[in-house]
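Given below, in the form of structure tokens, are the structures.
Here chain A shows up in two complexes: once beside chain B, once beside chain C.
And now, the complex of A and B:
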């Protein structure tokens, strides 16, 4: 008799799958727009375009991989399967960094947006209140996720729908009533940034597109993932791209309803309110929507609240993502088995959720110290050029994303060459047909372009972000040490991969996903391939 | 002080493109192709709708159908079926066809009242009738034909009258001669149906 282990519930619908991704990526623009406008000025739309092209490549890569291998690990699993255990761990550990940052960054931003309505939450004037509210939000979300995915999916779905409608309305009415093309051209002509500013802007713009991992993470709980995930991923890619490009162009070419003035009383363009103004950068969408004629009256009331709620569910998807990837890594013996323990009643990986929410709390403390303890400013100024709060979190966010995405592109290329038999319900376009070891394969051009793009963003991040340059690599070194210690304890290979029957695993993945037609297709291909080589596979 | 509206052709076109693009993307995303398994499931649902359009639940002295009545009520609620419960009182050949049988009729009243309670609990309408007949099986077949029923639901053979056959002759006759589908609920050895093996034993067979 074999004891049955509790499994993750397959309860996420197409809209739920989209919502998990949207609640993560969709909220990024609420944080990223102001930061990019502050850094890249008149080239903000170009920064978003560059990051957006890379994001499309990332999105397509994730879509193909998540539809082919619908398991909870997401990027970590793809890299492990393509490049082996150690690289899989590094990619997963980088994604974990991003998810834990996700929890903190968006809880922080959520409180920033709320401070528009409740001045007592302002970080600069009430840092302890700000800190305590962030802490309570993180604890609350961790509890929600321990209770179960169905409950939190319903929560995400509702707010995501509301936000898609609201953002479409903001952009449509913004372009309709307040857009002047000549202002856009003027801003691009007169306020083009320095190369450093542009690099900084691009590296910040990529944080507006981080979060596709959430859809991959939810793949194991999504109904018919090989069919649904490609749709929801492509839908998410397009929606977010439309929003990001539209916002940046609208902000540069906007004629504000109320004239804007600088500290000396001189009239300035709308986008200039974000230059060297951290307060404004933190609530860009609320400020932009308030400047749309007439609609701004309504937007002033609800956009800060909606932004706060969306940022909160983005934080929630960080809780969801970190626990799921830890679950998957533990299953693959990359992390201790405690992280894959599923709660008997709630059927969720409760220990993972609590552990990585704890990491998020530590990051919150690190980000908040300069505000909570003024004396710490000297240390931060010395070590991190005075970066704290959102800067600290955004730096690490960009580093983690660029690192893990770089590995994912390499894994995609490797899997195309070494696992051509797995059915790909969605395949990235523009491929070069090749023959490798007697099998016809397709080499993905888009993955190479994407790798070069994300590689350049990683370089921009290391050049322009002090904390990303120091704390990011330190996080990876710390993780590799844990990995080596754990593998040594378990007498597993340290630098090599454990032998795995990938073919059998693929059959089980497809069967568990309910993709029976694809399973039959895979079995047939494998048997044909084995027959060509004179072997029999059972 | 507020600025005037700035409606430009470019702004108008971009606004329309944004609204159309977002709407089209979401619509496309929410309409994925159906899989083979989903098509099978849809066909089964369509078949079920046809199957349970009109349901007759049969009670008699030798057929206990309370548990099947509960199932029928749930089916009827989901599929908005026409639900009819009948109690057949068998009149022996030794009595005239219109003979009064107060004891039997009293049992019939109880059975049909219980059926109505089940139906009410499930929020469905139920017609009830007590029918006198020489043979239960023929009466059921006649009613089913007359009402163009899609499904006849029967309970199991009443305990204490088991004669060695798995179903009584009455039930077998209905199942063999009905022109519509027949659903017979036969209780298991211990009188419990649909036992969850996993939850009962905490494990599954290898």
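And now, the complex of A and C:
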């Protein structure tokens, strides 16, 4: 008999659930905006619109799945339940890649935002300082997580509230006093990118919407998640989408408060300060807010700091999330048991935390090498088309997200067809009613559209990002080898799944979530279905 | 002003901002380049209005 795992306390309020997701996904635009403006130029808003439509589909899919199966494993759990152990492992391993990138990317960008206040942190002029500060941040967060200190939900909520207010203010004042529609039209006419640039921009825009795993993590710790999660998730999805679309349109159509010049002293449009300028790309929101007339004086002082705090929280969620998902995968016997070993004194999965923070440090070293050792630039230019720094991290981030989201869409379709009895308090709209094996099911059209969208983004990522094309698949192959070796050692099926009693598990999930009405509804549906087939379910 | 008040102000700001963007873009006539801006304006109005209605419903239901 399996030993019962201790449950997480369900104490997260609706606002706590929103801010949990917001502090994770909301920080992405602080990194994504500059990168997309640098890659897609005059089509940046179109890149965000395309990625945003796909993101809405992903968000709705996660909302439905998290409300139906409120467990912290997120994408990995949904895919394992829908498609089996091997695909569950691949999806979880891709999410793990994203969590490790999360740690490095946001620590890197946090230092970039701080460099607006402390010029000594600028990466291009002080690469070693930048590197050491990033390293210290990652080591500090890993240490805090090992000894079990997590940022409190109250602090998360406070920073999220402050950021929502601040971003609303930036956008309101920006659109009122600095936005010129004719500049937007001009930028889109004169600076429309090549197809390669547009694909590159779209694949980078998706990183502004990564972190939806937090919806399922919050679901595990929310009381009555089937009712609360859909309410907070829809608000979260729309808020993030609005911010991404607003910033990209504002940046392209912005009349800056102070004229901008290029290196040769020629006047340029605001968005052009991001072209081939990695320093500016890393702190786009701080630079944009500083160009709003008068308000820019205040924004110059506090936006870099607020951005840095939000990014640091997001980096921490990478440390926490990677160890938690590795723990969950190890519990499901997808990863070796060492990843669920808990520290004797601190009661935290210390080995997982140290292992995946170590991977994050390796990624930091790879990203920083071209800046730290100028001679390596030749090698990077030859092998990776000169991609380093934020580009390197963003490539892998986009690859991991696109891979895991693709599997989640397939899992959603599969679960709709094969698990029609689980009560769905929230369903993605636009479904085709069908009858499968005597049960009425609803085929989700939006999931197909979302799958095609995220599939095309995955293809764009592979076409336009050399590192994503090489290191991403290598990461997956490396993971599958570990999986196969471990399963062979344990004499577990390699390509098939271990038998699991999903019905019993679903009852326990709903009971633990406090969704007793849904649990009764599920039990009665299962008994009816079994009775129709002449069986009795105990 | 409590948290509900701040959220109320933000919701009205969304509606107002959406209307401002909509009017400013439409004042330039139809250009396909303004499409994502128009989507943004409609989303702002929709989200703001959704939140205002949700808050009103919660107040009614106590």
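FYI, the second predicted complex is superposed on the first by the 507 of 538 C-alpha atoms of A that agree within 3 Å, B and C clash if a C-alpha of one lies under 4 Å from a C-alpha of the other, contacts with A are read in each partner's own complex, and residues count from 1 in each chain.
Assume a residue touches a chain if its C-beta (ideal position, glycine included) is under 8 Å from a C-beta of that chain, and two chains touch if they have at least 3 such contacts.
What you see is a predicted model; the values in this text were computed from it and never measured.
With chain A as the common reference for superposition, the partners chain B and chain C occupy clashing space. Applying the stated contact rule after C-alpha superposition, one finds that A:179 touches each of chain B and chain C. When the shared chain is aligned, chain B comes close enough to touch A:516, but chain C does not. Of the two partner chains placed around the shared chain by superposition, chain B is the only one that A:14 touches, whereas chain C remains out of contact. Contacts of A:246 after superposition on the shared chain: both chain B and chain C are touched. Of the two partner chains placed by the overlay, only chain B lies in contact with A:257; chain C stays clear of it. Once the two complexes are laid over each other on the shared chain, residue contacts for A:168 go to chain B and to chain C alike. One of chain B and chain C touches more residues of chain A, and that partner is B. Look at A:496: by the touch rule set out above, it reaches neither chain B nor chain C. Of the two partner chains, both chain B and chain C are touched by A:238.
Using the contact criterion defined above for the overlaid structures, shared-chain residue A:437 touches neither chain B nor chain C, since it reaches no partner. Aligning on the C-alpha atoms of chain A brings chain B into conflict with chain C at a single listed stretch, 5-13, out of 5-13, 59-67, 131-139 or 185-193.
Across the two superposed structures, the residue set of chain A contacted by chain B and also by chain C is 15, 164, 168, 171-172, 175-176, 179, 181, 235, 238-239, 242, 246.
Interface of chain C with chain A (complex): residues 3, 6, 10, 13-14, 16-17, 20-21, 24-25, 27-28, 31, 33-37, 39-40, 43-44, 46-47, 50-51. Against chain B, the residues of chain A that register as touching in their complex are 1-4, 14-15, 18, 164, 168, 171-181, 224, 227-228, 231-232, 234-235, 238-239, 242, 246, 255-259, 293, 514-517.
Against chain A, the residues of chain B that register as touching in their complex are 1-8, 10-12, 14-16, 18-19, 21-23, 25-26, 28-30, 32-33, 35-38, 198, 202-206. Residues 15, 45-46, 48-49, 161, 164-165, 168, 171-172, 175-176, 179, 181-182, 184-185, 188-189, 235, 238-239, 241-242, 245-246, 248-249, 253 of chain A are the ones that touch chain C when the two sit in their complex.
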